[in-house]
Amino acid sequence: MASPRFFEAPLAYVLSAIAAKCGAVLADENDSSFLCTDVAALDQAGPQHLTFLDNKKYKDQFSATKAGVAIIHPDMRGLAPKGIKLLLSNTPYKSYALAAQMFYPEEWGKVGIAASAIIHPTAKIGKNVSINDFVVIDAHVEIGDGCWIEPHAYIAKGVVIGASCRIGAHTSLSHATIGNNVRLYTGVRVGQDGFGFAIDPSGYVKVPQLGSVIIGDGVEIGANTTIDRGTTGDTVIGAGTWIDNLVQIAHNVKIGKGCIIAAQVGVAGSVELGNYVALGGQAGVAGHLNIGDQARIAAKSGVTKNVPSREEWMGYPAMPMKRFLRQVVTINKLVEKLKKEK
Amino acid sequence: MASPRFFEAPLAYVLSAIAAKCGAVLADENDSSFLCTDVAALDQAGPQHLTFLDNKKYKDQFSATKAGVAIIHPDMRGLAPKGIKLLLSNTPYKSYALAAQMFYPEEWGKVGIAASAIIHPTAKIGKNVSINDFVVIDAHVEIGDGCWIEPHAYIAKGVVIGASCRIGAHTSLSHATIGNNVRLYTGVRVGQDGFGFAIDPSGYVKVPQLGSVIIGDGVEIGANTTIDRGTTGDTVIGAGTWIDNLVQIAHNVKIGKGCIIAAQVGVAGSVELGNYVALGGQAGVAGHLNIGDQARIAAKSGVTKNVPSREEWMGYPAMPMKRFLRQVVTINKLVEKLKKEK
Amino acid sequence: MASPRFFEAPLAYVLSAIAAKCGAVLADENDSSFLCTDVAALDQAGPQHLTFLDNKKYKDQFSATKAGVAIIHPDMRGLAPKGIKLLLSNTPYKSYALAAQMFYPEEWGKVGIAASAIIHPTAKIGKNVSINDFVVIDAHVEIGDGCWIEPHAYIAKGVVIGASCRIGAHTSLSHATIGNNVRLYTGVRVGQDGFGFAIDPSGYVKVPQLGSVIIGDGVEIGANTTIDRGTTGDTVIGAGTWIDNLVQIAHNVKIGKGCIIAAQVGVAGSVELGNYVALGGQAGVAGHLNIGDQARIAAKSGVTKNVPSREEWMGYPAMPMKRFLRQVVTINKLVEKLKKEK
């Protein structure tokens, strides 16, 4: 039920097609040709809409929903209101995401190159590319097939972009090699000089930043996020990593695969993140540290030491989560004790 | 006394006109035709300038001022230097702001559409609009009367903008409905995808972001701030809310009326702020929380629980201000005690 | 050994020329005509490359390097592998920076004005200037000799820019006077309205922001950083100050010379920083405070009091570093003690 002002009218599908695409099975095979016309939230869905239940917390909304179809975990089947058709999935939210993608495929711009775009004759542009108004593409840039470059993007000399990437409006890109299926949101800055200088009484001396930025396949980078290129060697963002808005990634940072970096995080120079690391919003990691695979850093933490794999840390300075929580409790008790003594 | 390089020469007014517009009364009606030619700070004002005193802290500067006229609270009348003309107001700073607006009306761009702007034929553009160089306006966009769109702004498909709005240079807008008298500063990002995905071992699955952003009348949004659209449903910024630079507002956040959100604040997904909430600089609010009306969160706090109306919280994790301050004192005492024991 | 995709091939120099430029002396005068063709890291350098050792930590890499030449401190001469040529410097990193600048001079754009740039007839443009595609320059702007204005920059009415400045892509500049040799990275916002309003029950009243921004010689400002202009009077960034990405500098802030401000720092209105102050990443300084010369604020600190010159502070609220560290130790002990008592 997306607004028609902003989204194309949703496509329609029979349940068998949805089940096949989203990794679910029909609870009742007789529903296979039922036509679904949209996806919607539990409280907004109508009789031809597909909704989902992912969390028991919403069971009351679920029992009152007017949705024609719902994706649910088999274990929650008993909560279903009478008459609703069910798609059973062990991962209902993922199945919903895949179904929603069917109804609302991402709206790429019209294929073609805007008359106002300025493209250097040495640039290589793939097939079925959409290059919008006022885009500037410098010498020797390579753009893969099926990319969408939004208005006002600036892609500097030599940048390589893989296939099926979306480069947001007002993005600046330089000194970068970008994989396939990468999305840079609006206002992203990639490849600018890192913050590098030699201290000197007569004024800081700029250290030339001679590296680049390498972004793996399937990476997503949020609005106004900044990623500096390496000093020597590269700043690396591993495949499948998601980065939110207003994040700072400094020079020579190496980020593994599948990491999740929430908004306003700052990662200082030469930090290494393993695979599947999660950094909560506004967290900061000091320079040259190592955060192990699958480690999780709570929002707003300030990490000043290496964090071992699979550990969960929090605090400023950050420490293992359990210790942090024990500290909070201890301080609270102490305050209460002193209050009583008065 | 603004620099003529950057500002038009101020207009000039007689005191009666100023008093009428800024909600003040003349201490002496005989001054009503005195001509004022500018506004200026206490220590820079000359005999034809208007200044103000809002805080007793500056009473020495006030007694030495060379200003011809001052706006002051009636209670501070006794502090006035000899010969100065007085405008009496119960809200001197507000009165000064209104007077300053008279002398320096906001400089809107020249009415007209730049030859270099690209406007889709289906877009509806109001009267007396200023659309500057390299602006791109997509299909079905609606722009109200008297708007000023600065250079390089990009307004995507279907966006609706009310009357008398100022859309800053390099701003990207999509999936948004904007009220009247709204100011977006430079580099603002509105309507991009929220940070939404389903976890899956084979790679995160993007959840289509099918909502929009609704911005009320009189909202002000600072430079390089980012506001994501809703996943389903909308991200809402209530009327009269002021947001500073580099703020992150995630998907499905609902912000009430008249809130004040200082620079670099982060508000995570689905948070609800009541009316007249104040968030200090660099504060963060975790997802799905509720901050009650008129609550105040101190700068740099990390809010992890609901905050009741009218309470003032601080800390990481945030707690009621009194408790936080007691904690600070308690820890200090403990440190001192252990130091002495040594 | 920078990638030829992104960098021009390095220039080549004989050692005597390098020594002269970078403030080093040849350990053996017989090496003076040895030709160096590139700079490289210890582990990547080949026989015609110049590398450096700045920290004993890397002595093993140093003893294994295949570099033809190294810059080192005279005291570390003993660590040198056999056959390597040496340039001796008391400041090896600075000398390396200067040498690297010789091999890789900053690549300024081609001199000339792009056909797509829009320049007001009253603007004064210096000699040997590079103005790139879709740049907009308003009335009465002055641009000094040898400047490089990257694509999509917008320079509003009256802005003055000195000689040899680099203005990054997508930068917005207004109400500003900028010295020589200044670099603004991509997406920087300078001169927009500060966050100024008078509180009023019927809605906040905007206080006209009538000042400007003054940026001294040699200042460097990182990507997507925002610097608001003064309310009355100016926001000032002193000569030689370096500011990293995503930093917020509010109205009327005065920053001295040679300060270092790391990424995501926030400096609230009317703060004064002395000379050579260092603010760590994500630190925040509350309004109207004074930070003395050479004071150092640790990353993520929240400063709520004036900080005397040369002191090092940390914490939230920030306090002298020693006291902060003592606090951390004290709390840890207390937690351990209570744990044992259980």
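Lettered A, B and C in written order, each chain numbered from 1.
Operating definition for what follows: a residue touches a chain if its C-beta (ideal position, glycine included) is under 8 Å from a C-beta of that chain, and two chains touch if they have at least 3 such contacts.
As the structure is a computational prediction, the values presented were derived from the model and not from experiment.
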{"item": "Classification of the subunit A:subunit C interface as same or different, half of numbers criterion", "value": "different"}
{"item": "Inter-copy rotation, subunit B to subunit C, in degrees (Cα atoms; steps of 5)", "value": "120"}
{"item": "Euclidean distance of C-alpha centroids - subunit A vs subunit C, Å", "value": "29"}
{"item": "Junction residues of subunit A - those touching two or more other chains", "value": "134, 152, 170, 187, 224, 246, 264, 282, 316, 331, 334"}
{"item": "Subunit A-facing residues of subunit C, complex", "value": "1-3, 5-7, 39-41, 44, 91, 93-94, 96-98, 100-101, 103-104, 106, 116, 132-134, 150-152, 168-170, 183, 185-187, 218, 220, 222-224, 240, 242, 244-246, 258, 260, 262-264, 281-282, 299-300, 316, 328, 331-332, 334-335, 338-339"}
{"item": "Footprint of subunit C on subunit A - complex, ascending", "value": "118, 134, 136, 140, 152, 154, 156-158, 160, 170, 172, 174-175, 177, 187, 189, 192-193, 195, 197-200, 203-208, 210-212, 224, 226, 228, 232-233, 246, 248, 250, 264, 266, 268, 282, 284, 286, 302, 316-317, 323, 326-327, 330-331, 333-334"}
